[in-house]
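Both complexes shown next keep chain A, but they swap its partner, so chain B is in the first and chain C is in the second.
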Partner chain A sequence: MSAFLLLCAGLDVFAGDRFSKGKEPYPFDYEVRIGWGGYPSLDGDMLLDGTSFFGIVDTDMSYDGYYTLSNIYRDYRGRGYLTGIISAEFDLNFRRWFTLTIGAGFSGAWQPLYDAVTGKKTGRNSGFTVSLLPEARFNWLNRDLVRMYSAIGLGLTFSAYDERDYNNMELTLYPAFQFTPVGISVGRKVYGFAEVGMGTQFLGGMVGMGFRF
Partner chain B sequence: MKRFCNIFAVLAVVAAASSCLAKKGNSPFRSNYSIMDYSESEMGSIYLFEPVMAVVLARDADVYLALTDEEKENYDTSERFPEGLRHIDANSINIPGLASIYSDGGRFDTPGAEWTVRANPYALTMWNYSYRGSHYYEAYHYGSTTYYPVKVQVKCVSAGKWTVTSRSFDDDAMAFAEDQITVSLDSDTGESSSYTVVSAGRADEDDGLHAECGTSGDGVRLRYSMGTVESPGEESAAVMRVRMLKPYSGKFCVTFYRGNEQVDHCYITYTEDSAEYDVSVD
Partner chain C sequence: MLPLVLLAQVSCKIYDDEDSLQEPAYMVVQQTYRAYVDDLFRMVELADFYRSYREIWQDREASMQLADSYFPEGRVSEDGLYYEMADVSGWGVIKAGNDGTYTIKSYGDYSCYVFRNYYGYESMNYEVTVSADGYFSIKSVDPEDDAGNDSILKIEAKARCADGNVIIEECNIVSDFCNIVSVADKPLVRKRVTPSGTAYNADSGSLSYSYSDKSGVNDAFVLGFHADHVSIERGSSVVKCLLLNEVERSVDYVISD
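Moving on, here comes the complex of A and B:
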């Protein structure tokens, strides 16, 4: 706890140094934002078997010759659904050009199950991922109403998926990585943002809203 | 300002278009192929092919073990044992990569004799050579790799007739009633031998799933011979001597149950030219 408070104090000192170069400071120290993005490729791959990280390639898990009655008469999986990544961030504006973000993301997934003989729905597999992703954001365009930026982050993701057809609860912890080549925010105190990105959180884009103070 | 709004709009469209794509559903594992495959490869192995191969290999070993020491030294093993032959002890031999045969010290065709065959299950491979218009079961030499063996115990009921008393593979051990699986020798020309299998059995699994199987009528007839196949190679085809087992007559039936309800069936009718499958799933 004391180490965490020391870290916050140190960051605050660093944030206060934003006047040192004599340039006009960024008028807002902090931001909070929420966003929704996709396609969460890795979540799809980890939770819904058969998708590929770099694409929406469907593979059909058909009978592979493993000779048991349980395999033949196992419930089969229907269409897989993802919520997309829902993220919340707290941002610290150290410089006009540099922002440190601390983000948390959530993604849900589910697949209905169907009886192998009757085809009737029997239940569903479901699960989620949560990730903690600090990012360094570099703001290369700062206008009164518009900012454009790039960002890179490294963190951790935890996933839990209940595979009812296999009586298995899959729990996994793995690194999270995200790179945003370009993003834009439009607004002053209240703003909208959109960005394209690639990484373990999502491959594609994210949109959302934020508030600066 | 307008330019930035356009950029924002483009990025927003990219984000919205790329999220929440779903995965297509899977095909059910229950299919025409899986029912057929389980019936012949799983149930057929236990109740048709393994019993006959066990009798074939034991008869081959019996010929050799009955020789005197001097005759064994001068015996040409290439004809009956193209894979080679090694002694385990005075009453047992090993065919490298294929099987070990353990006698009880007596002759295999003596009523009451009980022999054990431990075979490499992956050496007994089902191939359907449709281009030849036939359907047969081959046993290959697979080298010295160790696999979990399948162990079959065979007891002589009367001259030319044997019954399988037990079978085990990995941790799964099965005991059979007298005459539950019988193999009868129909003919032996030296170049080939013919057998009739009469059998019935059942496989039980969790969740109330079970399958029942059996031969119908007079049983299933199979012909054993030693043949050759060409294995295509990069530079030249390799010719391999293989043990061939071909079902040519009779019917083998498998029915599938979930609880007390029959949900599927597979009826295999063997003829000289082919095997016909009547499967409940299209």
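Moving on, here comes the complex of A and C:
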């Protein structure tokens, strides 16, 4: 009996959100938000490791043989650094339960270079990725102050990485994909949000702030 | 805005370590030692054995005993020993010339890519002259390789055998890109081959390296041989590394004090 009552309570929450309040439009048509997310695992693999994943446009990296003097004495790479994904979004609230987001993300990466003989720093490799990622966001919990959602998006990413140790500019264009199983925003007009995500932009979490109008 | 600035500070500390090459010259000396210097030691051993063999060659039993006392088992067969030539597996084929010189075709090894600009099996031809006081003068003649490579490679050395050691007192290896010269007051000394096997690393001595190629890379240093390590010396900078046969390629070949 208690389990049945709990089930009814759950359905009431869900149904009440979708139906009894679903006919009322969401009070805010638009949102803008900015956030920071990490860990950009694909950027780490592609930019810092030099592997090409979904490359559509790639510049050729000249290969002069592993055992040549120029390869043996090439500057070696130090620790790589990533800024994480810095994103900005413009959101359109079509329904209480559905939001279309148009987001742009930026991620920077760099890596110092050291002379193979002396170990002194000689410069650095550096680059960035820029992605355009429209997302469909499904808001499955809408309260006055709290919203919870899931989202899925598909877009494009462009990356440019200056590999000075190889005298090569790596340019890559590849599909962007991001899935957010759960996210939460807290606030009314001005809010904070946090979400977990997996995809080409980042693997982990994103936090940020937004403004509804 | 402030939270984002703080987040940006935190985000910068995402690392991705890369392996680092600690001493590039080590890879170069590994290749050259395997391809050329080790070969020189072997050619001296082969010439030393052949000189002794030719004095007793008519006594077949004594000849084989001499071969068995020189080289590990299985390296010399009875049908590989003649007055005019001897074939020692892993060392080479040595022949006597009319003017008292020997010619040797080494069994060879894979070439040093850095200095031959190709990677393939390479067998060297040498002329060896023996002086009255027991010195071997070795000179390379037109190396043969499996790629028809026509780059320059010239090897000259002066060596002797004494007290169970092979001592290379003078050495000159010249290619299109590199000079390797023995350091005059530090001859290379390595234990001579015995039936138990052959040593690889020299026990003492030094070789002076200098090289450059068209890509602009150039380096100059002294390779020092010690009992338990080799050293790469550039002026006051000395890098201690593992012995040359202890590792093929590893970032751990530099010995940290």
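The rule we apply is simple: the second predicted complex is superposed on the first by the 175 of 213 C-alpha atoms of A that agree within 3 Å, B and C clash if a C-alpha of one lies under 4 Å from a C-alpha of the other, contacts with A are read in each partner's own complex, and residues count from 1 in each chain.
Operating definition for what follows: a contact is a pair of C-beta atoms (placed from the backbone, for glycine too) under 8 Å apart; a residue touches a chain by one contact, two chains touch by 3 or more.
Every value quoted in this text rests on a predicted model; they were computed, and no experiment measured them.
Trainee: Let's test your reading of the overlay: on chain A, do chain B and chain C clash or fit side by side?
Mentor: Clash.
Trainee: Who does A:Ile72 touch here: chain B (first), chain C (second), both, or neither?
Mentor: Both partners, chain B and chain C.
Trainee: Quick check for you: in the superposed arrangement, does A:Met209 touch first (chain B), second (chain C), both or neither?
Mentor: Second partner only.
Trainee: First (chain B), second (chain C), both or neither: which does A:Thr83 touch?
Mentor: Both: A:Thr83 reaches chain B and chain C.
Trainee: Taking the superposition on A as described, I'd like to know which of chain B and chain C A:Ile184 touches: first, second, both or neither.
Mentor: The first partner, chain B, only.
Trainee: Touching A:Leu145 in the superposition: chain B (first), chain C (second), both, neither?
Mentor: After superposition on chain A, A:Leu145 lies in contact with chain B alone.
Trainee: Taking the superposition on A as described, I'd like to know which of chain B and chain C A:Ala194 touches: first, second, both or neither.
Mentor: A:Ala194 sits against chain B, while chain C stays out of touch.
Trainee: Looking only at contacts as defined up top, I'd like to know whether chain B or chain C touches more of chain A.
Mentor: B
Trainee: Applying the document's definition of touch, where does A:Ile34 land relative to chain B and chain C: first, second, both, or neither?
Mentor: second
Trainee: For chain A, what residues appear in both contact lists, the one with chain B and the one with chain C?
Mentor: Common interface on chain A, chain B vs chain C: 36, 38-40, 44, 48, 65, 67-70, 72-73, 76-84, 111, 114, 116-117, 207.
Trainee: Give every residue of chain C touching chain A within the complex, in rising order.
Mentor: Against chain A, chain C makes touches at 3-4, 7-8, 11-21, 23-25, 27-28, 31, 113-114, 119, 177, 211-213, 215-217, 219, 234.
Trainee: Going by the contact rule at the top, pick out the chain A residues touching chain C in the complex.
Mentor: The touching residues are 34, 36, 38-40, 44, 48-49, 64-65, 67-70, 72-73, 76-84, 86, 111, 114, 116-117, 207-209.
Trainee: Touching residues of chain A toward chain B in the complex: what are they?
Mentor: Within the complex, chain A contacts chain B at residues 36-40, 44, 48, 50-51, 56, 58, 60-63, 65, 67-74, 76-85, 111, 114, 116-117, 119, 143, 145-146, 148, 182-184, 186, 192, 194-196, 202-207.
Trainee: What does chain B use to touch chain A in their complex?
Mentor: 1, 4-5, 7-8, 11-12, 14-31, 33-35, 37-38, 41-42, 203, 205-207, 209-211, 256, 258, 263
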